[in-house]
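Per-chain numbering from 1; labels A, B, C and D assigned in written order.
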């Protein structure tokens, strides 16, 4: 059953080493220290308008869960944090919610706890027919269509028919009332795919690159035969590389995610061209401890992001995006 | 006696560390993840026509053994696996079989067990006069002339006169009814040698590069004085480099081998220009356990190859060969 | 209180690991050995004229302390050493001395002990109004305006408003009777900032780059929450890179400092374009043992510098600056 | 006394770690494997004419010792080996022999034991007035003028006046009847110095680069204060780099030495442009065991050199020098 798998994922991601062994590449990127920033750190503004919503920070919570009783609490705490902070929150894949109305509440709770926050619905590229229901379920401000061919390849019996995916995306973009973005789930997006996605009319692209949570890793723990998962554990485009590639290839806003582990990583991602930076694993454990813990995590990201901006002499996110980095 | 040496080789290769300490270079090569493969993994076809034979997979079993009673069982099991899977199988050097008719059966068993599989005969470049007998012995579909100057250099009393080798190859190519390919045995082929071989009219080139079984290593264990073997343990052109060099220099099909340890390595080799990928050491131990074990090894290679193809958006081996790699 | 913080800094810098984990980059730079130096090492002269003062060596003691009773002894010993050797000595930030006349003596002692040595006053870029008093306090030969945005960012309640800093520097340069230089405190100066500083009319630039004492590190030990300090521990431009960048961008003399740990590092810095090389941490412990120990440290630096010069065939500092280095 | 120092050097070089911590660079250089060498290893000839003498191998024994009773035995055994093998042998600095006739025999023994071998005399660039006596003492076939500014810099009271060295070399070249070469002692020769030496008319240049015996290291053990020796332990131009640089800058024959530890290193050095390869440390211990041990060492070098030549398809040293290497 889907919802049991969801629970397994939550347990594995909080208990086992599920991260890529190779790195995002951010540690090889250096921002340039400005000894005379010539700005006032108190005036640094990290608020932005993203797909029509005002956000207090470019740090967003990436899609994590839903569909299992255990997900209810997580989504509730994440939503409370998002509401209090004014940041964006991605829900986990809503397929379970559409197919099993009895678990709808595990998603809908988010909107109840976060009446004004930006909520992003989530549906797989092969279940695009659920898109409308997904958006309604949480009164979503935007919808993310996720791509996860790596996980589907490793997971026994995964859905490994990707034909027609671009067409589905293209049509859903046209039919939906809310902006539709596309996100990977940890293996990254190449410039070639980004260009095709932009041509489909997507509103934003979340690269979700390699270096953070590895879905080959997660599925390795679930498999009877760990061979394939071990072999593909590190498959994917590192987040820093994917961010640069995609940002240089398309004009739609880019979300950098996958292994973003501090506000300093986020600052580097934005300096490389991203508009937003998403995190999943870093808030998962905190969510179990309650929304206050989630808020503390996000505030640390914001704090470090502002510190990096101050030291790079960037007063606004645009300044940061135009600042120099050394690769 | 040759056949005792053959047994020693089998024992050493299954019990000792006989691999290069330096790498094939494949781990530095990354394929490009395609988040939207736009293909159906079930439709991926890894079958191909190679030198006039239909094969179910580009993974072939490289030349291993023959000439000693212990080789009989190995060749029987390898042949059963090749027959059942529809893949190509290289026999070990047939010199012993020609010179000692009493061990002929250790080779001939392969054709008995694999009436329809592609069998590749094997003879050293300095015993080319045995070529015809070698082909007859197993009703070979092709003949591989092997080059092993490294082993001969380290092995006391080895044959280290290579003069006239190209001429022999040139003449045997013309006189044989089956296609004649040339293979190294683990030290790789340079583009310069590949060009000369193509000019000789060879039908294919198996680079058998450095990074897998090291014949300097094997002979180190057999030597009284281990000095020279230790010193040249790592001599040779890494397989990934040799594959690129040769594929870019000649038009004949290239077999990548030497340290191919997974279907992912094979996929990278094909993306670098190879047509086939050969493995010796990885099937040797399995052969001792019976042909079912050999089949399991090959199936894992096929499985991983298809997974890599799916994630790279390659439906055919040609697509894979034209796909992008990052070096 | 400032003076307690000063004491804490002294204690932390002598007891804890406060250095960058990343390197200055000097170990990747090689000078070119000259087998036939064609000079006489006894004739090597490392004396120079710096901002109008005759110095016996380009090694200077960087700004360290003042403002706390414990600083009195340190400045006394450093000053005695500077006087005996004929080298330049930078005093620590004099803000405390200006704001609290009762600790003035902890600075003024330096001039008493070093009537003829080159003394450099020190004031933060946001307390430039104290400049005149600072110079008077020690009858300074020059004034260093220090920049420390990294420390101020990590230190709770630090001064993180850098607006107007360039203007202040520009005006103080004009109003002062002594030469005004600008120094970082361990995070380095970019070419962009160096160019702006030169335009302000500064007499010299001390890059004080990353690789030696890390002020993020020092403040990590002082913080309740070590998170931010840990994260920015390694923020900054490595000294070797900063030295090259600044020396190539401006015409004013450059002081290389931050992680200079031997006369060989100093020689490399000068070969990269610096005029002087400053050290703080290496003399701090010695100062506690008395001026003889400080002299021994400096003499080792001089000795190694001369050895490097001899082996590079450089008889003068200008020869050294024009000598070849391999990066 | 000189001769005690000589003994100390012998003891330190056989008992302590006196080698550079950085490498010669040879392990980063790869020769190209030729799968079809097209030559007969038995016909490989490593004999050559060097400065008018016929040698059986390009491997020579570099200058080691003389001047102390302990040196007598070493030179006797080295000479016997050189005579039997037909290779060149360099004597240690003959200054002691000139200044103290009672130790002359420790050098002269070499000629007695090796009536026909090529013997190379040795004198420091600052004792060039001893040149004629040095040659006579051993009826030398050539004279090496050694340069050792690194050792002299580290050794307390060393001779660190190099002025006039080039002039001395120039004049001695003209006045001597035997060919005069110049050698470093382990810190390498830059192309700039090589060009100057060629202009002086030297007959050959021995780069004696960094990566083998470090004279800063040796002197570290002898010093009361190990500071300077430790700091300069790794000073110098790595042998592989020095060999390439010098071979490309001048037309006189180049001897590669300093850290040559196998015939494979020697092969690489020759492929990089050297004519000869010298070894000191590797024969020192063997010399203590007698000339048979020395012969065994040299034969291993010859054997490995020939193996590398065979596998690179080089029948002559000229072929080897023209063969391809990958850096």
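Here is the rule we use: contacts are C-beta pairs under 8 Å (C-beta built on N, C-alpha and C of every residue); 3 or more make two chains touch, one makes a residue touch a chain.
Because the structure is a prediction, the values reported are computed rather than measured.
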Taking each chain's C-alpha mean as its centre, the one farthest from subunit D: A
Angle, in degrees to the nearest 5, of the Cα rotation that carries subunit C onto subunit D: 90
For subunit A paired with subunit B, centre-to-centre distance based on mean C-alpha positions, whole Å: 45
Subunit A and subunit D: spacing of chain centres that average the CA atoms, whole Å: 63
Shared interface positions of subunit A, touching two or more other chains: none
Chain contact topology (line, ring, star, complete or other): ring
Contacting chain pairs - touch in the sense defined above: A-B, A-C, B-D, C-D
Subunit B - residues contacting subunit A, complex: 31-42, 262-264, 300, 303-304, 307-308, 310-311
Residues on subunit C engaged by subunit A in the complex (per definition of touch): 125, 147, 149-150, 153-154, 160-166, 184, 187-190, 192-193, 196-197, 210, 227-228, 231-232, 235-237
